[in-house]
Structure formats: C-alpha cells, structure tokens
Amino acid sequence: MSTLPYSRQEMMAIATGRELRDGELAIFGVGLSMLAGYFAQAHHAPNIRAMTEGGVYGATPVGGLPWGIECNRISANATSFTNAIDALGFLVASGRCDVGIIGAAQVDKFGNVNTTGIWDGEIGETYRLPKTRLTGAGGANDIACGAGRVVIMVTHEPKRFADKVSYISSPGYLDGGNARDQFGFVGGGPSAIVTTLGILRPDPVSKEFILDAYYAFSSVDEIRAATGWDLKVSPTVHVVPEPSLEELAALRRVDETGALRI
Amino acid sequence: MSTLPYSRQEMMAIATGRELRDGELAIFGVGLSMLAGYFAQAHHAPNIRAMTEGGVYGATPVGGLPWGIECNRISANATSFTNAIDALGFLVASGRCDVGIIGAAQVDKFGNVNTTGIWDGEIGETYRLPKTRLTGAGGANDIACGAGRVVIMVTHEPKRFADKVSYISSPGYLDGGNARDQFGFVGGGPSAIVTTLGILRPDPVSKEFILDAYYAFSSVDEIRAATGWDLKVSPTVHVVPEPSLEELAALRRVDETGALRI
Amino acid sequence: MPGNKLITLAEAVGRYTRDGVQYASGAALPVGSDAVVFGRELLRQKRKNLHAIFHCNTQQLNLLAGAGAVDKAECGFSGLEVFGFANGLRRAVESGQTALEDYSNLAMALRLLGGAMNWPFVPATVNIGSDIQHRSAFAPDEYPATRKIPTVTDPFSGQEIGAFSPLKPDVAAIHVSLADPLGNAIMLGTEWSRFELSRAARKVILIADAIVDTDCMRQYPNLVRIPDIVVEAVVYHPFAAWPQSSPGLYDVDEAHMKFMNKSLSTVEGTANYVLDYVESYNDIDSYLDLIGRDNIERLSNSATSFLLDPYRKWIKTPAEIAALTAEVTA
Amino acid sequence: MPGNKLITLAEAVGRYTRDGVQYASGAALPVGSDAVVFGRELLRQKRKNLHAIFHCNTQQLNLLAGAGAVDKAECGFSGLEVFGFANGLRRAVESGQTALEDYSNLAMALRLLGGAMNWPFVPATVNIGSDIQHRSAFAPDEYPATRKIPTVTDPFSGQEIGAFSPLKPDVAAIHVSLADPLGNAIMLGTEWSRFELSRAARKVILIADAIVDTDCMRQYPNLVRIPDIVVEAVVYHPFAAWPQSSPGLYDVDEAHMKFMNKSLSTVEGTANYVLDYVESYNDIDSYLDLIGRDNIERLSNSATSFLLDPYRKWIKTPAEIAALTAEVTA
C-alpha cells in the first residue's frame, strides 16, 4: 500500500464517484459517501444536484469531511435548508432521486445491508439483544427503497460480506430475483457494491452480486478470500482504471482534512 | 333599523365574538367571520390565539376588512407565515383548534352547511349542474370536521334556512343525533348559528337547532317566519344583550372601513 | 439542474404547456400570490382543454375558465373571497363547459403532499361524510361516488376513514416573490401549498416578481423553500400576480379585481377583457403601462413593503436580467 | 398563549417533565441543533424511566441512556455520524436497560407528521420488507411483528403498503437558534423534523441559544416556523446544543464530542462525566465556564457566523433576559 500514490479508501471513493453522472439528483450519506459524492461534483459532474437527507441543498463542504449531514461545514454555503420530510420523502422515497450512496456494516450477496446490530448466529423467533449494537438504518432504508439506484460503499472484509445478513436494515434485492416487487418499491435497488478491493454488480436475473472488477492493487483471489460467500466472478471481470492525477487532486480538495488518506 | 346605533351585521358580529373565550386557539374564515374574531381579540379575549387557514399567525388586520385570509392587510404585521398543511391540518383537522367561525350560503336544521351550489330541488342520482354555482367548501369543511366547536354566521332569510341543504359542503350533525360518530370526526360540531336575527343552538340529544335567543330588534315570530323549517323555540329563549359602547368601539376599530355598517 | 434558467414568459408557456395539459397554479389564494400573468400568456398562445389544478381559484382560473380554455378543474375553494363569486369560473361551471371537482382546502394540500411523497393514497379525516365525498363532477352518474374519496381501514384500530387521490400535475407555474437565476426561490407571505406543489408537479416553472443574486439565497437559506434542484425554468415578470397582491411588493388592485370579475360574468365582457388586458401588450414594459404607472406606484406603496427590505440590495435590474435571459436563449 | 413565556431551564424541567414521561427531543441530528442541555437538567433532577422519542440519536440521548434514565427509545438513526457509535446508548441497548425500537429517518419524520395531523396511521412505502418491519424491540416475542408496521390496502389500486403509527410525545424540548419571549422561533440550518414535532407534541418547550425582540419575527415571519400559539415555555440557554453545533452560532466541539462519547462507553466513565459535566454548574455563567471561555470564543468563530448577521440587532442581553424571566416568575 505504501508504494501507491493513493490509499485504498481513496480508490474506493473515486470508484464510487465514477458511478455518478452529471445532472443527476443525488443523495449522499454521512462520512465517506459524502466525500465520494462531492468528489464527483468537483471532478466530472459539476451539474450534479447534490443533497443530504437533512435537506441541505446547493452546498459544497468547507474545512474537510463534515461531521454529519447537517454539520456547519456543509451549512456554511448552502442555498437552501429544508427538512427530513422534504429530502427523504418528497425527493427520495418518491422515486425522484436518481442515485444514493450508502454505507454498510454488513452486506449480503443480494445487496441487503445491515447497520443495526451483530448477533452471534441468527436472531431467531425472539428479538434478543444484539452482541454489538450498531447505528440503525438512518436514512439508508429510505434511500434503498426509493432512489433510482443505490451504490453501497463498504470495507472489504469477510465478516462484512455475509451469505445472509443477520438483520436487513436497508433492503437490497431481499431473497433475490423479483423479491422487491411484492413491496412495490419505486427504487431500482443497488447497482453496485464498491469496496476497498473492487466492484461487485448484480446479476440481471438472479440479482446475486458478482465480482465485476478489481483494482490495480487487488486480485480476484484476494477478493474471493475476503468475501463471506462463494463469490462468483463475471466473465468480463477487469481491472478498474487507477485514479488519474485530476481525480486525485479533485478528491483531495474535497477531503481537505485527509480523512480518506488513513 | 335606522333608529339603532348599530347595524344588524354588527350585532351578528358581536354576538359571534362573544362565543369566543380568552386563550382559545381560534380560526377565522374570510369576511365577516374574521371581523367577528378579531373583534373578540380587541375586546374581551386579548390572549386569543388567532389564525387564518393561510397559516398567518400573530396578526391584527390593518386598514379595514382584509380582502382574503392572506391579504396584505393581515400580512403586514404577522409574526409567522406557514402554510395550509400546517393551519388546516396540524392545527385544525387534528382537533387542536378550539373554535372556528364559518359562513354559509344555506344551513339546515342539523347545522349542515352548503356553500357549493343551489339546485332547483334535490340533485338526484346524477350530479347535474347547479342553477347557481357558489364558492365551494374552502377550509370550512376542514374546520367543521376538526375544530372543537364551530360557530356558523349567516344572514337570516328563509331561502338560507332549509329543512335539508341541497349539498352538504361542511358537515354539521348530518342526519342528527350521533350521525357524526360513524366518521370519527375529532371536532364537536356546530355549537351555535348566529344570524342577523338571533342565535340558534343544537338540542343536546337530537342535535336539531332550536331558537335560543333573539335580538332587541327582532322577535321569535320574525325569526320563525324567516326560517325555512318549523323552528322550535327553547323554553329558555331570551333576548341577547345589546352591544355595549365598549364592544361597539372595539368592533369599529377592527372594522375600520365599515364593512359591517351596511 | 444548476445553471442560469432565466427564460421569457412566452418561451415558458411555449415550451412547457400544450392543449389538454394538467396544469397547476393557484397553490395560492384568490387575493394573493398567483402567477396570473401566466394564465394571460396561456390565452395569448391559445391553449385550450386545460385540466386545471388550483388549490384555490384565483383570477387566473377565473379568466381561463371564463374564456373557455378549461375542461376540467379541481379546487378547494372556487370563489374570490371578499370579492365574491368568481364569475368566469361560475359561468363555465353552470354552462357545463368546465367540470369542477370539489374538495376542501386541506384536501387539496394533502393531495399535493401525497403526490410529492408518491403515496398511492392519503389518509382523509375530512371531507368524508359530506357531499364532497359522495358527489363527483368527473363521474356525475355515480352516486354515491365510490372512486373519488373511497374508504380505507386503519390497521391499528379497524376504523374506516377516507382516502384522497394524490396529485401530480404535468406542469406548475408557481408565483414567488424572489428567485435567483438558478431557480432558488423565496416566498413572502403564506406559502399556502406552494412548497408541496413544487415537489408534486412533474415540471416546475417559477414566475418571480423580482430576480436576486444567489448571494441572497446563501444569506437566507432557510427562506429558500423551493430549491433550484426541483426547478426547470425561471421567468422574471414584475406584477405577475396583478390584480392580486404580492406581500412585500404590491397590494391587491381593488378596482381591477372588481372590473375583471364583472367583465368575466358575460361572454361579451370576457371577450373585451381578453382584447384589452390579454392580447394588448407586447412585453413587460407595455404590460406595466397597461396596469398604469401611477397605479403601480400606488399599489407598491404597501403596508407590507418593509418585508422586502432585507433583500433589496440583491435585486437585479431589468437590464441585468435581460442580459442573463439572453445568455440562456443564446 | 400570547405573553412572555421565559422561564429557567430548571423550572422547565421541573414543571413539564416527570418520571416515565414520553419525552421528545432530537428532532434534530447527532451533530447539530439539539437541546443537549435539557438532557443534562433531566439528570440533575433525577428523572428516570423515560420513553425517549428521538428522530435521531444525539449526545443528549447518548447521555440519558448511558446514565440509565431511559427505559424505551424510538429512533431513526442511533449513532453519532462521523463520531461513530453512540457508546452510552449502545451500552444501554446491549445490556437490556433500554429497549430501542428501530425505524428509518423518514419513518420517524412521518410518524411525527401523522401525530401532528392526528391521523390514525401514516402510509409507509419505506421500511416495509426489511427487518425494521418484522422485528420489534417493544414486542420481542412477536415474529414477524404484526403491530409495529402493519399492512394497509390502497383502495385505489388494491395493492398493499405499510402503515406507520403516529407519534404524539407528551413533551418536546426543541432547540432553536432564536426565540422571542412569546415563543416565536427561528431555526437556522436544517429543520430536520422540528416543524412537525412542534405540532405533534402535547407540550412544546423552546430552548433558544439567543432571545430576540418580537420585531425580529415581524420582519421575518416566513422564518418563524414555530409560532407562539403552539409553545408553552421559552428557555434561554446559550450553547444549549454543546458539544453539538448550532448553525450561525457555534461549531461542533470535536474534542468534547469524542471525550463525552468515550466517557459514556463505561459505567464508571459515565458517572465521572455526570459529576463533572452535569452536576458541576449552578447557572448559565458557570455552565459557560465549564465549556471554557477560550473554547467558546473558538467555537463561535464559525464559518456559518454570517447566517446570524441579519438578526443580531434584535438580540437581547443577558440582563434584559433576566429581567424578563423574573417578570414571569414573579
């Protein structure tokens, strides 16, 4: 790693940012996903319509990674502040938002996300206490249900890539196939899982996530070993282009305090 | 009339204003009902929490009768402007508002109000065109469903007091008795019909409106003759106290342009 | 959609409307903020068979319906408040020209909320039990009408309440006090349901009495209830609500309110009104001439003028706006 | 309820809360506006067995739960954003001390909207299909939980969606940037769901960083999203959100955010924190001393300070506020 001119987190943020297209209405979660989103705006999507679930519009973070979606670092130059009903309801749950970026503590092969808790084994019929309580769904469930497509950002470790998450906080493709249809979700579901090692995308029919690409510094074998299910590999698996100098410069302008350089 | 130091409309407005108590959350409709409400605030209910369905709070009209609930005459000194969802939903339909004042083109013996149209005879099974189209329900339906109690202001004429209104725009007691219960309305229904001739109040059980009081210038016989159904008279029927000098002065301060003096 | 979105009124009507469109305005009240001038331009461009969604009737719907351009309308209130019945709309309804579907004012706001939220229905605890629920001008032969405000069972209590159908108009022309060229808007006075409408409509056009620099929005972001991300186009048009009022900018023109409504009470009067007050001007200057420069000065001398004070320093001149508009058209 | 409503923080907690109360705050986010100081006072007055309604967790809930004062909590997000897991709340949940019922952030806002509207239920197109719908910490033995987010049938399409239960907390302490003595309030920065909460709660107490004259509200009525008519009491308390931020007034105190959260990760650390940062001050001055006067100066030097500029001239001095508060108490 030390030989690379960029960190794995930076590669993940840039690969995530590349998923966003100019002009889209896009919602960014807290932390890394916000840097990834604002990187896209700073680099290749100047007309992206960026928002946070706090209802903060027209802003560009100042002073480094905002501490939260409502942090003063993002409130210092907004053109509009509204509220949760507006941002998560009118603009996201409605289906109006093109793309959202969310994080995950645990994700499974159908792109279901757990951010609620870790249990030892299945929870069972009784809702017993979690071994480790996490942060809950936040706005990610709303984004997962409503956004046109969702990009999931997650550190690639076996414990985070489970065959089945212990708790679905935010729905991916549920049991796979057309399982989302019975709930009538207006959003299309996760289009990519971008990790510190590569990019997974869903099979168009089964909706199982398969390995689509790896980074210059990773490999198919490394990724399969770091995945908690028997990860299938796309016949077109390929290497993700390394960050360009322009991309890195844009990212680091947004990530002023170097949160991604760790 | 010319011998009285006040007009019938002024008497009606003062009698309506007397229905309001200090500290109540009160909503006023457009026109005369607004003058009646702000008269109460100016005279005996200084701490009334007055609002209009536009979501205009903390205001006192300037320059005379406002042309509408959002008129600049009422927007010139407000402390808060919000919106319809707030005023009619959160504060009125919710049951939070203590009292509302509404007008009527036609009212029936159960306090049902028609402001939608006049047909010749019953409408029948097909929704045929009205002979005369009126203004529709506006916010009065919402007030009639949600406000703790409702005061109806109406000019006392036989054509306006029908045995049964041709169209229920805003529900009173519907078919009488407990008929409102099946719809679960949180509001209690109309507590009084204040007219240019007297005051009608509902029988506690049947909910039929009966004559409760007449004015110094009217009589039981005159009122019965001006009512389109066989109006019952309360055993405690009595004369309404005439406006005091203080009441008249307060009313005329609010009614700066003399809308009620006609 | 960041970027300068200033276009002319004529261009906005030309680009975003067509015959038969489901057109929303009047998420405003009959005496206050409404883009009445947009309705005039719809008539100038001969739009017809409109399906009008007006939270409340305004002089705009009164004019459009009176002139025969409206087939269907949905309203919460169809009068003109203290100015009385809306004679143009009334005539169109009584003649059968316009089918007017009645709701209450809260119902219309909730239907816009439901459209913005993309709900399949909105809970209704009002309008039920009255003839608003049981009578439908859009389905006159159904009595009781069962598809207008059907019942739904609350899964917690088992009780029945009503259900409103959400609204998602094709296009909305929303009057605002101030807009920047990007489409951020400030409304002074009650919002009525303009906030919800701006999210429910498929396309939103702002009609602004004044254009301000975006710095104004950065100073007052909590006032920007309509952000640029939901806006397609911005039209600058002073006195856009005339003869209605715009808090902070101008009062209601009482004389013209009465004259206009009286004109609309007959076919002939309406034709004359259209000739004199719709087809008679060519640009903003001649529109203002029509209102009358003295009249404009009088109406601008409003008891609400102080409400505009904090924003005056950011207001752009007509020349600056013309240059910005040319930039977009070029 | 017009009239001066200024009372002290201690009086507000004493008068409006009791053990077991359904208490709402945190219609705010974990890093921004929340009346954290109200939570400190709840602990000073030994309130316990609270049922906490927090749209999102904040340092207030983290502290209250960590100190063992919360039996039940309902949240959309229970972390501290970039500051990580909320250790006090997490410990309380993992030990079984606090039953935490999970919803999403939109769900919590909609449940407050539904409470404000007095609807029996709110349509749910989110949270359905996930374990948020099927698992209930308040009814752990029911699986799938059928009373938490039951289904409801859309009468228009026949499709099933979900239904949220509305929220009507007994009392809400709402942090605002500016309030006048009557209870009119201006929020700078995202409202999150404070607007809806102020109408859903049975009693509303404002906790304001600064008190302004009512003239400020009359100049900016569109900013007054919480009007006096829904407010019971107004508490003046500078740095009420500390260590969280208040846009326009002060930034997040990063060091204390981390220190506080670390303290709350153990029983012992929590006890020390309560000793040092809850029970250690007697009045506003000693509270500000605790934060540190240099620290206050640093935190007040915010990139958002310009947002407060338009209102500064109406801000009342501590002496003026003390006189007004004495007036109410007398």
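Residue numbering begins at 1 within each chain, and the chains themselves are lettered A, B, C and D in the order written.
Convention: a residue touches a chain if its C-beta (ideal position, glycine included) is under 8 Å from a C-beta of that chain, and two chains touch if they have at least 3 such contacts.
No experiment lies behind these values; they were computed from the predicted model shown.
*Asks:* By that same contact rule, can you tell me which chains touch subunit A and subunit D alike?
*Replies:* Chains touching both subunit A and subunit D: C.
*Asks:* Between subunit A and subunit C, what's the gap in Å when you average each chain's C-alpha atoms?
*Replies:* 40
*Asks:* Just give me the whole-number Å value for how far the CA centre of subunit B lies from that of subunit C.
*Replies:* Distance between chain centres: 28 Å.
*Asks:* Go ahead and note the Å separation of the Cα centroids belonging to subunit A and subunit B.
*Replies:* Each chain reduced to its C-alpha mean, subunit A and subunit B end up 56 Å apart.
*Asks:* Mind pulling the subunit C residues that touch 2 or more other chains?
*Replies:* Residues 117-118, 125, 159, 161, 188-189, 191, 195-196, 221-222, 307 of subunit C each touch two or more of the other chains.
*Asks:* Which residues belonging to subunit A are in contact with no fewer than two other chains?
*Replies:* In subunit A, the residues touching two or more other chains are 75, 81-82, 89, 93, 146, 186.
*Asks:* Building nodes from the protein chains and edges from chain pairs that touch, which of line, ring, star, complete or other describes the result?
*Replies:* Looks like something else, not a line, ring, star or complete graph.
*Asks:* Which pairs of chains touch one another in this structure?
*Replies:* Pairs satisfying the touch definition: A-C, A-D, B-C, B-D, C-D.
*Asks:* If you look only at subunit A, which of its residues touch subunit D in the complex?
*Replies:* 30-31, 53-56, 62-63, 65-73, 75-76, 81-85, 88-89, 92-93, 112, 116, 123-142, 145-146, 167-171, 174, 180, 182-186
*Asks:* Where on subunit C does subunit D make contact in their complex?
*Replies:* Touching subunit D: residues 117-123, 125, 147, 150-157, 159, 161, 163, 165, 186-189, 191, 219-223, 306-307, 309-310 of subunit C.
*Asks:* Spell out the part of subunit B that touches subunit D in their complex, as residue ranges.
*Replies:* On the subunit B side, the touching residues are 23, 25, 46-47, 49, 51, 57-58, 75, 77-82, 86, 89-91, 93-96, 146, 186.
*Asks:* Mind listing the subunit D positions that touch subunit A in their complex?
*Replies:* Interface residues on the subunit D side: 28-33, 55-57, 75-79, 81-83, 85-86, 89-90, 93-96, 100, 102-110, 113, 125-132, 135-137, 140-141, 143, 145, 159, 161, 188-196, 245, 247, 251-252, 254, 257, 302-304, 307.
*Asks:* Applying the document's contact rule, which stretches of subunit D touch subunit B when the two form their complex?
*Replies:* The touching residues are 1-3, 116-118, 180, 182, 184, 195-196, 199, 214, 217-218, 221-222, 224-230.
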